[in-house]
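Two complexes are shown next, each including chain A; its partner changes from chain B in the first to chain C in the second.
Right after this comes the complex of A and B.
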């Protein structure tokens, strides 16, 4: 069974002036369980709308979405869907409901009617997974953005989802916080086999995921492995995205006639290749 | 800035802090009611001793406890003066124009001040030993019976806890907006009163706009975490009455009984200046000096 199956999703918004903006235009996507998929696109390309149709926050006008075989149009199963697919949003401040860390994390399982002892176990486990165990009884108010976002992730983990969607969860964070949150996501993918949909407009966050999907003008214009996607420099630039810095440096070097091997996506790979040539 | 989320909360981990918040809420209500039955100085002494015991057990420095009186100091002085000069029963001690000072007036003024001060200190104990979150839980739990007449108790409780949660966030935001407006040359601390009030408009409008945006995002986040207000919800933190609450109740009960005995069982003549146990003590004292 596919973790996520979207076929022909189409959705329009009404603007304040009465116009109609198409946010999704016949989008289809299949995701296998355990995959780490990056969804890239510039502002207004429809990424966040795609995220919101996944757990039934929005229902598309046309097309079907199935999460582990359950259609999001089936209102009676909405809590089953939402407990299978967690969502971490952009602003950590706007997704916390309690003033104390453990109360906030317990909110999800409380909603699902999980017995008390099990909730306590889940809170312990979720805090440990994001490395925030020592902050259990403190208040998130004074924490850094990265720490707050890790607590938001713990809040989602506590509902034990099989898929987690990160909707630009690093956009408001400093470089250190971005790294922390991406690390946690990768670790959850590896250790807990949780399927990750990583939505971002930072190219460099997508380099070592399983597949990259690029959105432009309400459509998915390309979906492939990072190696293949980054070969298509023109496509990436036409979608208003920047290449990862190591790749754009190596491309410039290549165009100057320097013989670098392969697609260079990370700083380390760039360093090695450059060192080889200098020897 | 102290952490607003914790309000006045003074953490010491004492047995009083660990009392069930529902018990503390009920005890505070009882205290507020029965302090109005304290009519003699002896009864006020009982209340004073009770509050001293509570303060010592709660391990809260007296300085912090007395701080709450600062806020009502003006009220105390104002009502005190009015009572002192305008009370006209009893033996006249001094008078000028419409102002009179009588013995009963002095007595009444002192008792009123004592009652107000003890009332404020006693109820303040609740906020010193209980976090706002615990209070929210307590209120939700105590209002549970109202569910049967279709009052959405749980929705109210979660609204309250979200409001508490967003106070520091919105205060932060206000500071940022004020800084941004100052950077553009807005003046907040100069000019006439109405000018200063007017200068707050460009702070309030962005604050409202961003609050609505936050509310929108929060609603999505609540939905994504399976929020529903049905019966099936469980709670991680269960409030539980324990032997501690019983002991605390017994101590409070002793105080209440003493106050009521003083109020209803002692028989001082109605023309006496002294009331309740005070009358016997004064008489004993008088016969003792001869």
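Right after this comes the complex of A and C.
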């Protein structure tokens, strides 16, 4: 079943000075349930706007969006859509509302009118999924960025969404925190079959997802596997993106006559291939 | 020449409460003129508390802080904070959140205006600062900073600090949250500032592959203490310890360590991708012999 179906979405914003900026230009995208999609693109390319049309925060001027077959224009179904699709933003502080972890996580299901016993079960489950069970009664405000972000994810999980959109959720974190949050997302994708849309500026976070979509000037200009996407060096550069560092090192070596094999996207691949060639 | 001297600095937050937290413990560090110093350490290791001491945002509780000839430890007469904050320019995380004026020019002129400089002097400074960050004066001066891209906004914010003509520039996570192009621009900017505008630069960063591209000396904070203070070329001889602290090491160092473990010895210091690439090419061309 298709988790997300977007066809011909077009949307404009008005600027302060009265101009009009097109944020989405005839964007179409289909995502299967259980996919892990990375969405790349420079600032202002339309990524966050795309995220916001998914749960009806914005309704495009033209085009249709369906989440598990439900159209976001159908205002009577908006809560069904929003309980199917969770969002995790850049700054976890903006997403915390309670001073105790378990209260914060219970906030979502409480608002859905779920019985107390079920809420307790969900809070337990969500905390376990993000590896924060022992922090159940702590206060989130004294935690590291990575921990806070995992609490924010648990809060989303408690609503039991089938899709989670991470909109630059690792941008404010240190390397340790980034790793933690990405791991949690991958695990949820694998174990719970949750469909993931992962928006990021870090190319290395995209190397082992199922497909990468690249946005440029309000359009999706390419969508393919990481291997195929990162082969297209010119496209990557013209969209203001970078190659993952292991790949740019291996490309540079290849151009200087070092005969490395395959598309080297990860640290481990680079280590192994270089070792092979020098032995 | 010593610019900044810190001796046995200790700082405790929320003293004598259940939330008491030692943020700095017995930190001693000297920053010299011409240093291109990088500060690394995971969240909560004391980096930000440390730099806030350098322009008097936090007053020393215990220990000594001396910046140029201003002694921040002395009580009477009170240290000259005005002069201090002029000499130590601080670019905070996400500095674009500090923009407030309706034009780029007014925003950058805010600092110098408060120094009660003449109109001509303010204008000269704004022009210089904008030139330094690569924003064309005539094109950008009347535009609203809020209509600019993320990277441009950040450059306006940095220009506002440069217009104070600081002798030392401190940047906290200057590339955080930017896209790849914005990052590259800010990195090139910092490098060019070092050569032309401020001789001494201190950068806090989480991106080890980035900070090793330009800093020459790295200070590592861990559990409120300075764990290492070494030239970049020596720091990664301590890779194991850094990893144990939960810190990242540069990709080139990781690959080189893997090669070493497999009996392949490359020549020279290998820290940056460029180092690694040229060492591998050299090794291969020499048929594996040094």
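Here is the rule we use: the second predicted complex is superposed on the first by the 279 of 279 C-alpha atoms of A that agree within 3 Å, B and C clash if a C-alpha of one lies under 4 Å from a C-alpha of the other, contacts with A are read in each partner's own complex, and residues count from 1 in each chain.
Keep this in mind: contacts are C-beta pairs under 8 Å (C-beta built on N, C-alpha and C of every residue); 3 or more make two chains touch, one makes a residue touch a chain.
Since the model is a prediction, treat every value here as computed from it, not as a measurement.
S.K.: In the overlaid three-chain picture, which partner chain does A:245 touch, first (chain B) or second (chain C), both, or neither?
M.R.: second
S.K.: Between chain B (first) and chain C (second), which does A:16 come into contact with in this model arrangement: first, second, both, or neither?
M.R.: Touch partner of A:16: chain C, not chain B.
S.K.: If we overlay the two complexes on their shared chain A, which of chain B and chain C does A:163 touch? Say first, second, both or neither.
M.R.: Neither chain B nor chain C is touched by A:163.
S.K.: Which partner chains sit in contact with A:96 here, chain B, chain C, both or neither? Use first/second/both/neither.
M.R.: A:96: touches chain B, not chain C.
S.K.: Which of the two partners, first being chain B and second being chain C, lies in contact with A:126: first, second, both, or neither?
M.R.: A:126: touches no partner chain.
S.K.: With both complexes superposed on chain A, which partner does A:176 reach: first (chain B), second (chain C), both or neither?
M.R.: Once the two structures are laid over each other on A, A:176 reaches chain C alone.
S.K.: Is there a shared patch on chain A that both chain B and chain C touch, and which residues make it up?
M.R.: Of chain A, residues 90, 142 contact chain B in one complex and chain C in the other.
S.K.: Could you please specify the touching residues of chain B with respect to chain A in the complex?
M.R.: 3, 5-6, 132-133, 158, 161-162, 164-165, 168-169, 214, 217-218, 220-228, 232-238
S.K.: In the complex formed with chain C, which residues of chain A make contact?
M.R.: My answer: residues 15-17, 41-44, 90, 142, 144-146, 168, 171-177, 201, 203, 240-242, 245-246, 248-249, 252-253, 256-258, 267, 270-271, 274-275, 277-279.
S.K.: If we count contacts the way the header does, which residues on chain C are in touch with chain A in the complex?
M.R.: Going by the criterion above, the answer is residues 19, 42-44, 144, 146-147, 149-151, 176-183, 206-209, 246-248, 251-252, 254-255, 258-259, 262, 264, 273, 276-277, 280-281, 283-284, 288.
S.K.: Where on chain A does chain B make contact in their complex?
M.R.: 52, 55, 57, 79, 82-83, 86-87, 89-91, 93-100, 102-103, 106-116, 119-120, 123, 139, 141-142, 155-156, 159
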